[in-house]
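Two complexes come next, and they have one chain in common, chain A, joined by chain B in the first and chain C in the second.
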Partner chain A sequence: MAVTTDRRLLEPWQDPKAPPYLRIDRVTKRFGDLYAVDDVSLNIFKGEFFSLLGSSGCGKSTLLRLLAGFEYPTSGRIFIDGVDVTDVPPYSRPVNMMFQSYALFPHMTVEQNVEFGLKQDRIPKKERQERVGEMLDLLKITELRKRRPDQLSGGQRQRVALARSLAKHPKLLLLDEPLGALDKRLRESTQFELVNLQERLGITFVTVTHDQEEAMTMSTRIAVMDAGQIMQVDTPTAIYEFPNCRFTAEFIGSVNLFEGKVIEREADQVLIEAHHGGTLRMRSFHPHPLGTPVTVAIRPEKMRLSEAPSPDGVNQLRGIVEDIAYLGDVSIYRIRSNGGQLVEMTLTNHQPRTEQALTWEQAVSVEWSPTSGVVLTE
Partner chain B sequence: MKRRAWPLIGILAFGYAFLYVPILLLILYSFNESRLVTVWSGFSFKWYGALLHNHQLLDAAWLSIRIAATNATVAMVMGTLAANALVRHGRFRGRTGFELLLTAPLVMPDVIIGLSLLLLFVAMQQLIGWPTGRGFTTITIAHVTFSMAYVAVVVRSRLGQMDASLEEAAMDLGARPLGVYMRITLPLIAPALLSGWLLAFTLSLDDLVIASFVSGPGATTLPMVVYSSVRMGVSPQINALATLIVAVVALAVVIAGISLGRKPGR
Partner chain C sequence: MSQSTRHHPKGRRRLSRLVNIGVPYFWLGLFFLLPFMIVLQISVAETALAQPPYTALWEWVADGLLQIQINLQNFMLIWEDDIYLAAFLNSLWVALICTLLCLLLGYPMAYAIATAAQRRRMLLLMLIVLPFWTSFLIRVYAWIGILNSNGLLNSFLLWLGIIDAPLQILHTQTAVYIGVVYSYLPFMILPLYANLTRLDPALLEAASDLGCRPLRAFFKVTLPLSKPGIIAGSMLVFIPVVGEFVIPDLLGGPSSLMVGKLLWTEFFSNQDWPLASALAIVLLAVLVVPFVLMQRLQQNMDEAAS
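Presenting the complex of A and B:
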């Protein structure tokens, strides 16, 4: 019992009675004929680090701009902390945004940039200076306070932008590709820092990103978007392990897809006749009627590779090694099955490369267990 | 390398000479003793002294400066508003027409602008009784109509280069639209406003054709006085006046350069 309570605190979306902190209710945004955001509903809870993930043009940035108030929805409502903010202009919303370009005011010092929002709220000078000091301290940029944006490096600018958007203690912080402009090494360390900061301040973060790795490491939950619609909302683990559609499965990580149709059902498993030959046995909790066209999705690292098929194995696929890409820690094998399908799999290099027996053009057997993948209907 | 550099330096020197030798000669002859502009007979400040007592010339200069300053200020405000409409308000209805009409004075011959405005002013006076007569007001209005186009072009390019998310960021941090404009947009486009103002000032100070059309008795601008006196033979007093103007302009350019150059960022 104690365990479930804890789980509900940490994962409020599991609790049907938990009130959402940000509620997006059937929001649509149309530009002419284009549906940038198409009937999106989403509940985000207090203290979440929520990511909108999708390729460019999928509507994630428009959704963020709707939350900030720079765009108004064609239809639908937006509630923050129970208040309908749909028609509230950006300067009156309890929301702040960190821009992709950082949008630091070039004619102001770092200090003046951070202070800008507090000044607009007519907070007395003494308190203003305290809060600015706190923010600069929090982001470790106190020594830059007198500099102007053009005297800062990319990483420093990002910190100033963050300090400026946090200074007003918003109910919701929106981050537009927060790490997009940083180089790879800085990006990795900043990811953890951003998460720590969010946990310390308890502010709800909504971020937009096209980088799945970034979304996976930082988020409590991810919404995968495509063509203005939300395809799946779930925790990073669930999104990766249990994608609910082909789009999500292919967008996050790599995946092998086997098309086929259901030929038999038993308890929690289904037998699927694959178009490229062979019968696959997969676990599935959905009651697929016989004959349903389905797709089996298996991640490349969830497969086994052996020279000869194991005698008791299910889901065996024979083929030859067509390509090997050695990446140091892992190797990617491309195997052409006898049915003609290309299967990609990843193997950890437990042994030094030179000790490995597998080589090009070798006949092999690929296997996986019924619980290693998911059965998708679309 | 060196052999090839010489012709280039020669061309450069010729270019500069072509541009600046006449001005230098003009300055030099303002200190000439002789009444003849083309004959040097000794150094003297006497033409500067004479200039101080030449009320016709001084009045004309003062009128020109007043017109130029009023024109530059009005054109700066109106040109900036027009540039704002073009850059910030997307594809509003009639935008193409607005843009065309705004920039038309840039390519329209002065004679046509002058004549059409003269006809307009005369017709207006007959119909509504304003402007009464022609002079300061009509010249200023005429100058604003074309200087505004130049200001709009300068400000528009600056506004277009400005990152629109700066304004959004200010709004996001709680600034209302007017506050955003005053605290973010204006300071960032200020250099363009200044150069627009200077451009409009210069254009107005320069203008002879349009002013000749729309001025009336008693309102003679400096270029008009200079032009008419040149026809009767140039007095070195005009050289003296030109030297003073060149000095003031040079000073203004230097000051503007220093104050803009000191500001970091764009």
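Presenting the complex of A and C:
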């Protein structure tokens, strides 16, 4: 019992009775004929690090701007902490935003930038200075306090922008591509720092990103968006291991898709006749009627590769090695199946490369177990 | 071969740098410094019944004796005679008032253009620049027709019944203000527009996000960031207006004495080239010195801030 309570505290979305902190209720935003956000409903809980993930133009930024109040929804309502904020202008919302361009005020020092929001709230000077000091301290930019934005590096500006948006202790912090402008190395270290900061402050973060790795590393949950709609909302693990549609499966990581139709059902497994030949056996909890067109999605690292097919194996695919890409830690093999389909798989290089037996043009067998992938209907 | 190719570009670069710097310097020297020196020379001469009507700066008197004559009386006259001081003060005053009026009128217009939709922006800019297609002189003459006692403005006001008798606007300082503001408004709007379009709209969103109402955001973010545009526009209006001649001559009256008018009178009516030149030199000093000082101050402040 105690365990389940714990789990509910850590994963409030599992608890049907938990009140959402941010509730997006059937929000639509239309620009002319374009549905930038199309009937989106979403519940985000207190303390979450929530990511809106999608390629550019999928509506994730518009959704964030709706939350900030820069855009007014065509229809639908937005609630924060139980209060309907749909009609509340941005300057009165308990929400702050970190802009993709950082949007630091160029005519103000770092200190004045961070203090700006507190000044608007008419907080007494002494308290204001304390809060600014705290924020500068928290983000380790105290020694930059007298500098102007044009005298800062990209990473330093990012910290100032973060300090400024956190200074008002918002109920919700919106981050638009927070790491987008940083170089790769800095981005990786900042990811962890951002998560630590969020856990320490307990502020609910909603971030927009097109970088799936970034979303996977930082988020409690991810919403995958496409064409203004949310395709799937789940934890990074669930999104990766159990995508619910082809879009999510293909958007996050690499995946091999085998199209076919259901020919037999037995207990929790289905038998699928693949278009490219062969019969696949997969675990599925959905009651697919016979004849349903489905797609089997298998991640490249969940497959086994052998020179000869194992005698008792299901899901066997024969083919020849067409391409090998050696990446150091792993190697990617591209295998052309006898049915003509290209299958990609990754193998960890346990052995030094020179001792590996597989080579180009070699006939091989690809195998996977019925629980290694998912059966998709969309 | 490698030797020559290695050295060749360097020499070439030096030459191209010399040309790049040299051309503008040459231009300034020929069309600014040289005329200035000539005017400076005339300003320290005396009037003479000659062609040109002033004495030479130097003269060979006898064997090996060079006589240089520097006459500072013109400058002393300008200093002592109240009419010149009054003209200078009035010119500066008119320029100041007109600059402020241009700023007050031009800023909202520049802001409106900068925030208009892309398609309408070009049209609005066109409208600002359109008057330049007609001669400046003709446009000022047109104002005589408007401001006359039986001109368009008075007729309209009489027709409305706001006034009983025509207002005397033409040949007053008010007419000068109207003419100057009308003529110089584009010079205020264009640099302001250029400045305001470069303003990142995200900055205003950030201000709003941090709790700033729109009006306050304007005063806290937009206005301070448009300072360079305000300074550029103000300078483009203020400096030429101080020396403006055509508008006060055509629209102004006897009370609206400005330096430009005075200078013209000395030069053409009184044939007193040295005094006219001295006025021009003083005018330049009055305009240039404060701006140089201001720029210095600004630079020092910027350096102190960084």
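Convention: the second predicted complex is superposed on the first by the 378 of 378 C-alpha atoms of A that agree within 3 Å, B and C clash if a C-alpha of one lies under 4 Å from a C-alpha of the other, contacts with A are read in each partner's own complex, and residues count from 1 in each chain.
Here, a residue touches a chain if its C-beta (ideal position, glycine included) is under 8 Å from a C-beta of that chain, and two chains touch if they have at least 3 such contacts.
All of these numbers come straight from a predicted model, not from anything done at the bench.
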Joint occupancy of chain A by chain B and chain C, clash or fit: clash
Partner chain in contact with A:149 - chain B first, chain C second, else both or neither: first
First, second, both or neither for A:75, with chain B first and chain C second: neither
First (chain B), second (chain C), both or neither touched by A:55: neither
Partner chain(s) touched by A:168 [first = chain B, second = chain C, both, neither]: both
Which of chain B and chain C A:306 touches, first, second, both or neither: neither
Those residues of chain A which chain B touches in one complex and chain C touches in the other: 68-70, 89-92, 95-97, 99, 101, 103, 105-107, 116-117, 120-121, 148, 151, 164-165, 168
Contact footprint of chain A on chain B as seen in their complex: 163, 165-166, 168-176, 179, 183-184, 187-188, 263-266
In the complex, chain A residues that touch chain C: 68-70, 89-92, 95-97, 99, 101, 103-107, 116-117, 120-121, 147-148, 151, 164-165, 168
Chain B contact footprint on chain A (complex, rising order): 68-70, 89-92, 95-97, 99-101, 103, 105-107, 116-117, 120-121, 148-151, 164-165, 168
Residues of chain C defined as touching chain A within the complex: 200, 202-203, 205-213, 216, 220-221, 224-225, 305-306
